[in-house]
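As written, the chains take the letters A, B and C, and residue 1 is the first residue of each chain.
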Amino acid sequence: MTDAPDAVVSAFEAERRRLLHRQWIHALLGVGITSVILGLSFHQSQFFDPEIGANPIGRILEFLARMAPHLRTEALLEGREVDGSLASWFYDLPGWLAALWETIEIAVVATVFGAVAAVFASFLCARNLMPWAPVRFLVRRLLEAIRTVPDLIMALILVAAFGAGATAGVITLTIATLGGLGKLFAEINEEVDPRQLEMLDAAGAGPVSKIRFGVLPQVLPNYASYILLRLEINVAAAGALGIVGAGGIGLELQRAITYTEFSTYLAILLLMVLVIFVIDMTSEAIRHNLLLRAEKS
Amino acid sequence: MMNQDATPLPSPLPGLALRGLLTLGGIAALIAMMVDLGISPVALAGGFTKLGVFLLAMFPPSDGGDLPRILKSLLETLAMALAGTTLAVLVAAPLGFLGARTVVGQPAFHFLFRRMLDFFRGVPVLVWALIFVAAFGLGPFGGVIALAVADIPSLSKLFAEAIENCDRGPVEGTRAAGGSRLHEIRFALAPQVAPILASQSLYYLESNFRNAAVLGIVGAGGIGFELEERIRIFAFDEVAFIVLLYMVAVALLDSLSRRLRSALA
Amino acid sequence: MLELRNISKSFGETIAVDGVSLTVARGEMVGVIGRSGSGKSTLLRLINRLAEPTSGEVLWDGEGVSRLKRRDLRKWRRRCAMIFQQFNLSPRLDVITNVLIGVVAERPLAMTLMKFFPASDRADAIRELDALDMGQTAFQRAGTLSGGQQQRVAIARAMMQKPDMILADEPVASLDPGNAEVVMKALQAAAGARGIPVLVSLHSLDLARRYCTRIVAMSKGRIIFDGSPSELSAEIVDRIYSAGANRNPAVHLAEVGAAA
């Protein structure tokens, strides 16, 4: 096509130059600002520190080598006393499993209490169930505040109050669960079919029976799937609590680091990851099932 | 007259009894766990009393005359979050590309790769931080590596899904016009994936600002270190001040990131 | 001149195209009609080699194209431009870049990846757009345009490819009647003024009769009619569209699957 008017082409080129010019300015500004911010961030994070930031890959490799367990193929299945056996790597397996069980208990107990608290909180801040706006506002802000404070910071304060041990961990995760689930439950509550509530209103039902017969039957499957999801999150979170003294496997991790037993750390880490993985897969399967059943009904 | 063929209604009793038993069993298990964990009414009462004292001590919040240092460590936390997220994105983008079924068409590879990502997804950031600070020494470097390592599995998975969910039409259009594999990526996949990638990265930045705040506990610097120090000496008025300041910072970062995200769409 | 020799394509058990032979000369506008799943779409994709034939050969001016690889294959695809029902533009790229994708097979890789195209290419692209009354949209994102406008951009891209042939797979099936006429006229102009053979698969028999110089009807992967529109009798039309046994949903699914 060469017979088209050249005016079209020159108009196009002029417009293109104008746009390109603007794009360049935007790109330069964007790239400039971003790289300054990121540069400062990496500088602050010691990435340009000649001692720490230099050769990070090499240091990671060196470190991985230190983490690798000392294993000998011929002694792999020998007892705990034999150097190079699997049993000597996992030398305190019963103790670690007990600590992991404690972690799971912390997560389960906290999920149960947190979920119950979240149900109450969610009724207090759902628009269709709580007529007083100030209450809704306060409860919502409170839940938001809980979600903002990292749970480990909460755990630090609670360990100071309750002493080292699982109690502080349970309370931390209960509060965190309240914050997380409360918001989700409130959203579910607000999607409840209003006709059923109107029917109960017409029948003269009080607020408690309205919730019992109008809301709960509709929301329970959704609640259940969120509670399971939260349980997964809580098991993982509980794994870290011990590091600040709030019980569970984290304490063993902390101990391994204190004695610079890096291969022990790896052993416990693998064990922990395995448990979390199994719980995640199980809970995912159950949630999937719940979802299917909720769709059918 | 009753119809003889009608099956009698199943008695509700067995079902109810079963549910009752299950509920009782659940409650019993819960109590057993609490006993096992050493949660006792006495300990709870004592703890909540102390907590009440702490909460009272939080008012009025005070900066303890150390505002510049607090602000500096808040910025340090932000810097760690930025550096950690950037590192995570730099590693997760190619990994996500590898993990996308539509890019690497090997089902076995795909399965193993995804399971690997799932496997390491659940490790809390502090567990990584503990080991990386031990490896690299006190300071933010180990913390940043921990943030990145904790993010990479889930971020890679998200990227892989974003690539898989791409519309294939533009890819085919580019191929039909004579484009090579690289052209398909450049002209059809990248324009679709890049905005999703950017917006997910911003989400992770928000979440990393929260994660970075705890890294100080294991010696990786930032606001977490300031908090731990003050909790140790029961300076709860200063703890309250730092937490409030931090909440404001979180709200600011979240709203900035939300704005950027909506500009990307 | 395009020549298909006894070409077949099966997806697993289902046969989509069953031993089709066909010759298309320059300047012809061939309408391929048939029910869903009759193999029209697969036939066009076999020519452009978006799909590989199970057996048979595709020849252009006597030379086989079935064994072309890499750069040669891409150049072949550039030469037989393809237009799709869903336009297949990159919705987030601007219109002019979408049109310029038509030359990537002929330009240095590094340059095209940086979206850098010579001024002469840009001029060609804007002229092609202008010819279809789309010059004003050059800097808009393709995804913001209407269906009819997007299909016109796709035609501009096809023209940008300086094609030896145009394959259009249901180009008007997603468009309103007005835009359908515009798109069909553009294809007709390409065949008439530039002498490029056009193969267009169509649902609408009416459009096929009005715009095409020749009609090929397919059923169950075979050609059951090949002639001028005037020769297409009511009895043949009946055979194409009415027989329930013609319908082969499996093939349709396989085609859709291959396109997805």
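Some observations on this one:
Criterion: contacts are C-beta pairs under 8 Å (C-beta built on N, C-alpha and C of every residue); 3 or more make two chains touch, one makes a residue touch a chain.
Computed from a predicted model, the values in this text were never measured in an experiment.
Summarising the inter-chain contacts, the pair of chains with the most C-beta pairs in contact is A-B. Centroid distances from subunit A, each centroid being the mean of CA atoms, peak for C.
Distance from the subunit A centre to the subunit C centre is 50 Å, each centre being the mean of its Cα atoms.
With centres set at the average Cα position, the gap from subunit A to subunit B is 4 Å.
Per the touch definition, subunit C reaches subunit B in the complex via residues 48, 50, 74-78, 81-82, 84, 86-93, 97, 101-102, 104-106, 109, 112-113, 115, 154, 157-158, 161, 259-260. Across the interface of their complex, subunit C is touched by residues 1-2, 4-5, 8-9, 12-13, 15-16, 19 of subunit A.
Residues 167-170, 172-180, 182-183, 186-188, 191-192, 195 of subunit B are the ones touching subunit C in the complex. Subunit C meets subunit A in the complex at residues 96, 119, 122-124, 126-128, 130-131, 135, 138-139, 159. Considering their complex, residues 37-38, 40-42, 44-47, 49, 52-53, 56, 59-60, 63, 66-67, 102, 105-106, 108-109, 112, 145, 148-150, 152-153, 156-158, 160-163, 165-168, 170-171, 232, 235-237, 239-240, 243-244, 247, 250, 253-254, 257, 260, 262, 265, 269, 272-273, 276-277, 280 of subunit A touch subunit B.
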